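Below are structures written as structure tokens.
Look at the two complexes coming up: chain A is in both, with chain B in one and chain C in the other.
What follows is the complex of A and B.
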């Protein structure tokens, strides 16, 4: 009985999803609503023709993510912060020098090959992450991706060099100050728009010449990207540290 | 778009997701889930969305797998009936 119920509910979900997939517009269809729409209000032609004028960034995807759909990204950035808060509410902060999967106390010995390769590769991983963050304005990349790569570098450092060294490099008190930096920079940059005479999360302002406005918008987008990157890196590192905490049983 | 490559990738996606769901060994399941993310990353690239591909590779294949493995190291490796 229970299995039959599970089977039928799964079948129902599958059917609904199949109908949704069939009804989706085909990729790159020139006749879809996104392309044609009501005159002057179809989103895609407007993004393509006026994105650079209205939003400022060279890369149209960055324009869409940070400007046209800025509220959405603002919410996402807050969601990551909330995820960290949830993890800390359940697991609590790590305590100093107490860890379950520390390389120093683990029965699995540190491999020389992995140790050497990580030591050589770490600076390059960090360089690549900075490149991804700063390149987000002109090409594929962006703050969140780069921040995650930084966090991955921090995690691999902690795994290979040990928990105590990781604690030394990324102390809890120091990390705590920067965990909320991603939503904070986003909201701060959004509010500048309110003060300079436009809406929240607008980067092109009245009363500036086009060139200076473009420079202003690009530097604000850059600050947002760096803020999201730093925030994401700190949040993921803190989640990893919190999960390493050991309870005395 | 190379449709043959896409077909192979999508078949791999179905296979890996089935293995992840059916596997009783949680460590193997999380590692295969990382492989799933990596294939998904190539699929995003095939759909010409390099931003999403980068995110999938960093978050899905990288950080999520590490978090799963840390969780397994604190609990048990085998799923109980």
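What follows is the complex of A and C.
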């Protein structure tokens, strides 16, 4: 009875959504997205045509995330920091000589293949993550993505080499200092605008030529990207440490 | 609307149809499964389907990635970058909520010894 009820209500839901979706404008039509008229005739929106000159980065998505919608991303960075604080409030931070992990005492031995491949691949994964962070302005990439790749490399390391080795490489006291770095970099870069006579999170200042302004904006965006990447990596590694360990009672 | 017109429109909006199918699968997991982790996997599938819907709405046929390189003119057709920027925010928030929910589940399991929603409800009423 319950099953039938669930089935029919889901079917109803799907049907309503299907009718709505089918009547939407055809996918991929330039006119339907308020992007342009027919290709080659109408001008493209301002953030696409002028974004490089106004915001300082070739990658329009980076322009939008860090410059046009900078306040939004500032809040988002605070959200992941808040998530870390909430996780730590629920689970507590790992403690020396008290916390341990089951994987180390497990009778299943880790495979030589996995161990070797991870050891060979880790430096390349980290190199790739640096590329993704630093090329966030001119190509696909950015702070969040690169930071997540670094965190993924740290998590692979901890899973393969064990909790105690991971604690040696990423000690809690050392990680604690850098977890807030993402919102702090953002706020620091935003406040520069206030000191130079503009609003919070402005990257264009009076009294500079356009070229030097562009260079300034670009380097500030890059510093924010590096801050977000580092902060994200530390936050996700800390969340993983907090979740993985158990405490001796 | 005739059936053939309906089907052809479904073909042009294929990504949207896939997105709502994923949404329904996620909704099924949330509604019908008892295990809290399975419920949350369902919620994550729903989130992913929303991301797919938004990214598809930003797509433009023949459009390029919104990155300026050599030889691009003001008339070049780009994909709409706004949904992509929006969904980047969405993904980060989804990860944050996932980590918080999983840590809460760890605590629930430590205290109650089960993740079954029905059993937890019975414990609550007792």
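The rule is simple: the second predicted complex is superposed on the first by the 195 of 249 C-alpha atoms of A that agree within 3 Å, B and C clash if a C-alpha of one lies under 4 Å from a C-alpha of the other, contacts with A are read in each partner's own complex, and residues count from 1 in each chain.
The rule is short, and it goes like this: contacts are C-beta pairs under 8 Å (C-beta built on N, C-alpha and C of every residue); 3 or more make two chains touch, one makes a residue touch a chain.
For clarity, every value in this text was computed on a predicted model and none was experimentally measured.
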Chain A residues touched by each partner, larger count belonging to chain B or chain C: C
First (chain B), second (chain C), both or neither touched by A:151: first
First (chain B), second (chain C), both or neither touched by A:161: neither
Partner chain in contact with A:61 - chain B first, chain C second, else both or neither: both
Which superposed partner A:203 touches (first chain B, second chain C, both, neither): neither
Partner chain(s) touched by A:186 [first = chain B, second = chain C, both, neither]: neither
Chain B versus chain C as contact partner of A:141, first or second or both or neither: first
Which of chain B and chain C A:234 touches, first, second, both or neither: neither
Touching partner for A:132 - first (chain B), second (chain C), both, neither: first
First (chain B), second (chain C), both or neither touched by A:170: neither
Shared chain A surface residues [contacts with chain B and with chain C]: 27, 61, 140, 142, 144, 236, 239, 243
Contact set on chain C toward chain A in their complex: 6, 9-10, 12-17, 19-21, 23-24, 27-28, 31-32, 56-63, 65-69, 74-78, 80-82, 84-85, 88-89, 91-93, 95-97, 99-100, 102-104, 106-107
Contact footprint of chain B on chain A as seen in their complex: 27, 61, 100-101, 132, 140-142, 144-145, 148-149, 151-152, 155, 159, 236, 239-240, 243-244
List of chain B residues in touch with chain A within their complex: 47, 50-51, 53-55, 58-59, 62-63, 66-67, 70-71, 73-74
Of chain A, residues touching chain C in the complex: 3, 6, 9-10, 13-14, 17-18, 21-24, 26-30, 33, 35-36, 39-41, 43-44, 47-49, 51-52, 58-61, 64-65, 69, 72-73, 76, 79-80, 82-83, 86-87, 90-91, 138-140, 142, 144, 236, 239, 242-243
